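Read through the structures below before going on.
What follows is a pair of complexes built around chain A, which joins chain B in one and chain C in the other.
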Partner chain A sequence: MQLSTCYLFQGLSECQLKQLIAISTEIRVQQGTWLYHENEPADQMFVLKDGAVELLSTIDDAIELPITIIRSPGSCFGTSALIPPHLYSLSARCAKDATLQAIKQNDLRNLIQQNGELGFAILTNLAKHFLDRLKETRQELKIHFKTLFKSMHH
Partner chain B sequence: MPEHNEIRLEKHSTVTVFCIEGDVTAFSEPFLNTAYQKANEQGAKKILLKFDKDAYINSGGIAVLIQILAETRRNNQDTAITGVSDHFKKIFHMVGITKFAKIFNTLEEALALMTKES
Partner chain C sequence: MQLSTCYLFQGLSECQLKQLIAISTEIRVQQGTWLYHENEPADQMFVLKDGAVELLSTIDDAIELPITIIRSPGSCFGTSALIPPHLYSLSARCAKDATLQAIKQNDLRNLIQQNGELGFAILTNLAKHFLDRLKETRQELKIHFKTLFKSMHH
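And now, the complex of A and B:
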């Protein structure tokens, strides 16, 4: 079961993982299918079982900016479903026929409310992941500034 | 998670080929800069960036490429790209990378044209 290898669920007990499995549904998605778009209500999150899903953002509705590709089994995405205001911060498109475990936001929220320990573990894992993403974004920003400064001084 | 890239420099006649392995992200910057510095020390005038067939290049990777391409333009180096999927060809065109570097479908095609140009 891919949920046990997902970074979000690291440190959970067998019993807690079983509770998560009980609220997840397996879905199959074809290449090219949009799973969700940026700023839409984040009503579910996903864990990849096989295939590949690309996360992207758009600039002025015209330029698709590639953010990452999810291709390792056990990787998750759509985690905006866990955080208010529950709006997807990126769009997700299936890059290669995929099998996913979908977890509905309401079901996960109910589970977290019933089990504070599980909720704490999930949100701690999520915070660590977001910190890594923040470091990458800062690095990207530095590169843009360096390019800009060099172009201004030549 | 920081990426690790292996970048091998190959000399094909007058063209220096950067064989870039792995996905390209903001964390690829030191690997590409080191390779570029090495190519400059070897007096490279024509540079071909060759990517892995399945390589994913995200927005941070695009930023690194723009940085390198701006540098090659300042140094009057002829630069081209090969090995990218149709998906990334479209993105490179959208973000303006094709104004800095021509994209070739194959390594052979790129070398044939680049070695011909004086």
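And now, the complex of A and C:
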């Protein structure tokens, strides 16, 4: 089961993992299928079992800005489902026929309400992940600023 | 007390807020004082009561890249203290004589260990905040890409 290797579920007990597995559903998606679009209600999150999924954003609704391609089994996406206002922050398209574990937002919320510690562990992992992505994105911005500085000073 | 207006502590009960107030300490800092530097161990977080604090990053240890100036009472910073590996992701310098509420990481961790729900509520608020900053930073990157596209096509 791929859930146990997902960063979101690190540090959970066997029992907590079993509760998560019980609320997850395996689905198969074909290459080219859109799983969700930016700003749509985030009603479920996904863990990759096999295949590949591309996360992207669009500039002016026209130019596609690739963010990342998820290929490692155990990677998760659609985690905006876990936090208010529950809207996807990126779009996701299947890049290669894939098998996914889907977890519905409602089911996860119910589980967390019964188990505050489980919620704390998952949300700490999620906050850490967002902070890491934020640092990476700031790093990219720095590269742009550096290019700009160089072009101004030469 | 400014803690109650901080985004991190929204949705907490009166009792939970009192527990937080009990572990916070008021400190005064002078303009120009560094509160912490990027990548240092994050042993405490802060809530602004009055004054102003500047958050910044550096490019090649030389050029300062301003990220934001915190002026609104109730704003918090140094929240990397809440998540592993507990290292500050930015530097903080007092931009105008300030009064702060400081909360030590150890004290907060102890409080959360006794109260899973409190931890879940705080970490959900924190994850939401990081996601919002991530979206903003991606937005800035998009502007740079747009400029790049335009300069390539004209």
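Basically, the second predicted complex is superposed on the first by the 153 of 154 C-alpha atoms of A that agree within 3 Å, B and C clash if a C-alpha of one lies under 4 Å from a C-alpha of the other, contacts with A are read in each partner's own complex, and residues count from 1 in each chain.
Basically, a contact is a pair of C-beta atoms (placed from the backbone, for glycine too) under 8 Å apart; a residue touches a chain by one contact, two chains touch by 3 or more.
In this text, all values refer to a predicted model and were calculated from it rather than measured experimentally.
When both complexes are overlaid on chain A, the residue A:P66 reaches chain B alone and has no touch with chain C. Of the two partner chains placed around the shared chain by superposition, chain B is the only one that A:S151 touches, whereas chain C remains out of contact.
A count of residues in chain A touched by chain B and by chain C gives the higher number to C. Of the two partner chains placed by superposition, only chain C is touched by A:L134; chain B is not. Once the two complexes are overlaid on the shared chain, A:I112 sits against chain C while remaining clear of chain B. Residue overlap on chain A between its contacts with chain B in one complex and with chain C in the other: 57, 63, 65, 67, 137, 140, 144, 146. Of all residues in chain A, those touching chain B in their complex are 57, 62-69, 132, 136-137, 139-140, 143-144, 146-147, 150-151, 154. Taken in their complex, chain B has these residues touching chain A: 1, 23, 25-27, 29, 56-60, 62-64, 66-67, 70-71, 74, 88, 91, 94-95.
Within the complex, the chain C residues that touch chain A are 57, 59-60, 63, 65, 67, 80, 82-84, 89, 112, 115-120, 123-124, 126-128, 130-131, 133-135, 137-138, 140-142, 144-146, 149.
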